[in-house]
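I've put the structures underneath this note.
Common to both upcoming complexes is chain A, partnered first by chain B, then by chain C.
Let's turn to the complex of A and B:
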């Protein structure tokens, strides 16, 4: 259903039809020290019909990137440059105010963290769905409610109870499913999930992930999952992009990236996952702390201070994200130099 | 709805207890104030050489009663009469029932205070939303500064200023008296017009002195709601701006209802100054008079009525809160 916009000339990093094409996207935040980039020159394609996981530590810019997909970066941040081409919408960065509002919710659905209260606490779910319908000029509101109830039922919620509830009457897992109803009831074809399982218990996590997988497949969505949890990505994502200090440092098919990480940061993330089987001491935390906006070094590789394979060139030159054989991309000077990244 | 009924019932029980406490407090307080008018009259007579028995009889003729029983007995008698809505007889308006006097003065105060609150609340809240949403523009700055300035002016200064400017400097509005005595009382446009023009300045004094508080509170409440996740969520779902503003407004106004209930008491307290300054015959002025004339029954009566008004207003605000905030509702 999703076809890429014609006329997108930017170099394709080797994927097929993309439902979303991010090109040279830079998002800056105004700070006391001037505008600092939270997302720096990001190129990323979200292939139509696939699930892409964006992984990074707090402060890596992954949530800012997610908001930028809807041109919804909040002040004091703003998109400095670049484009976000969404199939059937156009470049959301240059979209007019009204068209942008229609695209949000209408074409691109966004699901918040479960711990965040994404509903107006004073209105029932059903009434807020009606507000959503009216905002998007839905002619048949009854049909909208029917569809919402259908979605609720599909996700194992009692439709009448779910729509009659206030936010405080819903559990975390239920909230998350209600959030998905809001994101999909207008038939959006791109679904952005920001930390969909954070703050949920294990059973609810599994439930929500199962639901995401199912609606993704049944509706032929293009899905982005923003998370710090590599386990979530491993279970769900077709492709994986790793973010560090506002940059994408590695990207490729999930199994390949997880099996043979090319970037030392990715390798470190994987090594830090505690194993269920075997010695838990085998999991090694990454040394050092992730940089925030103000501590990203102005030049050189932002990861070099925590990097086990840092070289002289890393001090002066920020490695570019380059394509390597097998449809993968990595941004590391040590790549291909026989340095064991493990 | 049974939840609401239960809520109401429990609030009424609390209200009765509060009224009892205030009634008792005022009863003992006024009797603890030095200077008993009956005693004073009696002592004057005795000092003039009248023998004590005759002085007592004469005093009783003047005041209609004599407080000779012990305090506890008086207290029991007072509460018993209170249960029958009998507040006793006034001393300064000799022989007139207190309930009569306070009830005829009450409408002037209640209507003025309520109009003042409604006006300042409505204007202050709307201005507060504007000040919050446009806080980085000149309009936002102007509104905030107007709020801070007016908030800083005490009620009685505001009343004096208004009285000076609009009844003396530019005699636009009449001064004193709730209506023009030359116009016959009735539902005629002339009479109602006269009532309104006499009430405008006191109402303005109430409204202007509380407007700043509403504006500043609403502004900070809106700013904090603007940071809530559901506001961003509504934006990301493409909800219309006007609907989003409604979401924000309704959430931001909630804490103000609690303050509204509290401020009603404050406003009634302010009526003492404002009615005195505008020579307006409401409860506030009555209270002041009764204190000056040491008219205990009238004093307690006025206190009690103000207390009841504040408690009723609090119950109303609380019930209203339950209606607008589903989280407070039970079940």
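Let's turn to the complex of A and C:
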């Protein structure tokens, strides 16, 4: 066995109706050593109406997974196999170019990292909204602008000022909100946010997350937040999926995953967060560093070198992601041996 | 009379108004102590760090290092005084010269130090290795490498090792871990704590993240800075557990609750606006949920008014429980069974 494929078949995520259903998704990047998987045999359901947090360190494959949800992986990467079923759209992996363009923005809205800027510095926000509308063959551009202004207001921005602004005139928190306007103005029902608060300080982060929560509820969205910081999704997300080396290693309801992590990696991530209450010394650093594409071991559990409970079997067999009672999934040979954080 | 720094206006949204980065900030850092400055970006905390390391001038107030006003020192001794305070920047990528190996990065400042101490090349080599080991890097592995061959965390450790080459008495860490993956931050923070414990190096920790400040300096003082002014100052845990200034309360309320492990603080508050509005006597008044007319007509002085253990600049000092509360340990959900 010793492959992730066996694991995938053993797992059967089932949590109500899924707005997005990812099955056996593998995304590879071309490297000097051939095509290597950044996302390996991922199965994930994004339950309709819920917020899912996808957490992982640099190189875990979380951003690649997010791009694959829109079939927007850029060269030298490509989707090798698997499917991404989006409700009302179909499998985005097999969608034609035109249909795909309509789906992006029209059904699935994507907000890029706060630190990067996806806005054109030479055009006002309003002009770029019109460009977006034209590229999506929107007949009534006035209505589009009205919709955008409504969204701006919903998020506490002065609509006229926001649409008349250039990128450099907006603060980090404002840019994130403008990003959300672009993602939702065509009435997308799935919202993907990649590191929405990375460059923001605490107050702006809380503000942006509060807005995400409100817009999510008011519009009945299905929302995905990609982050390296469990803290960002600890309060907001209904469910957490933890990624490591291109695999999902644990998934479940947020409070359960945080209170009793089943995977030693999840436990390590939680313990590494300095807390504002209790003894600060209960926080412990996670040892080692995450692998990248080229350093993921070809067999066995990719986490074993940093794992405090690694066993012989972890050297040779990649643990399958299996369902455990309570609608949770975990990929660890040591489960049942009691991996405790606290 | 505290430190004052005003920058000339540079255009942009704020127009050509001068930017008052520091409006009279008083603080002291005891030898070997830990002090944290907390605030949002643009509050002046970075300017403070730069002034302390001699990288930025100031327009008013005095800065004394070891009791000596640095402006009254002759240039040579002033440079020497500032050299005892070393900066660890936010961005370890920008702080290192990409064309110099780790060995070269350390040997340059060490050579100067060797001259002062009349030591030879073998001392420099030995010291390089000692410093690298001290910051948790393997000398054999990193010495011949260039900065781009190291991870973000390793680079930040190297920046700290370089700061240690001059045997400083104090490190200023300005958002020193904000560009590093959360999973690896604690390692760097732990290193800073260790340097303080083992070498008696004082720490000035500048951040927007109160939890990391607490990890670094639970036994030290916390200064909360808003638009160039200290609004609350006291022992770290007093300010965290019983904050009285609404701005501090907003900052602490912004810390996300770890669901399942914590419950939200019962009295969380958020600012009523997120825009940097016009200047009012209390600078926080336009965003404050509790502001009254008095806050818009009179400057609240920094004091212990209301008998609080910490200093604060608010006319209405009410302690509020805003930080998350630990949940008692219980097993939730399925438990570790497969």
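We adopt the following convention: the second predicted complex is superposed on the first by the 323 of 342 C-alpha atoms of A that agree within 3 Å, B and C clash if a C-alpha of one lies under 4 Å from a C-alpha of the other, contacts with A are read in each partner's own complex, and residues count from 1 in each chain.
Following the convention adopted for this analysis, contacts are C-beta pairs under 8 Å (C-beta built on N, C-alpha and C of every residue); 3 or more make two chains touch, one makes a residue touch a chain.
Please read these numbers as outputs of a predicted model, since none were measured by experiment.
In the superposed model, A:168 makes contact with both chain B and chain C.
In the superposed three-chain model, the partner touching more residues of chain A is C, compared with the other of chain B and chain C. Contacts of A:206 after superposition: chain C is touched, whereas chain B is not reached. In the superposed pair of complexes, A:153 makes contact with neither chain B nor chain C.
Using the contact criterion defined above for the overlaid structures, shared-chain residue A:312 touches neither chain B nor chain C, since it reaches no partner.
In the superposed model, A:119 makes contact with chain B only, not with chain C. Look at A:275: by the touch rule set out above, it reaches chain C but stays clear of chain B.
Looking at the shared chain after the overlay, A:70 reaches chain B, while chain C stays out of its contact range. In the superposed model, A:140 lies in contact with neither chain B nor chain C.
Looking at the shared chain after the overlay, A:258 reaches chain C, while chain B stays out of its contact range.
On chain A, the patch touched by chain B and the patch touched by chain C overlap at residues 168. Touching chain B in their complex are the following residues of chain A: 67, 70, 72, 74, 101-106, 110, 112, 116-124, 131-132, 134-136, 166-168, 182-183.
By the touch rule above, chain C contacts chain A in their complex via residues 12-13, 40-41, 151-153, 181-187, 189-190, 208-212, 214-215, 218, 240, 250-262, 264, 270-271, 274, 323-327, 329-338. Within the complex formed with chain C, the chain A residues making contact are 57-58, 156, 168-169, 173, 201-207, 209-210, 228-232, 234-236, 252-260, 262, 268-270, 272-278, 280, 283-286, 289-290, 322, 324-326, 328, 330, 335-340, 342. Of all the residues in chain B, the ones that touch chain A in their complex are 228-230, 232-240, 243, 247, 250-251, 324-327.
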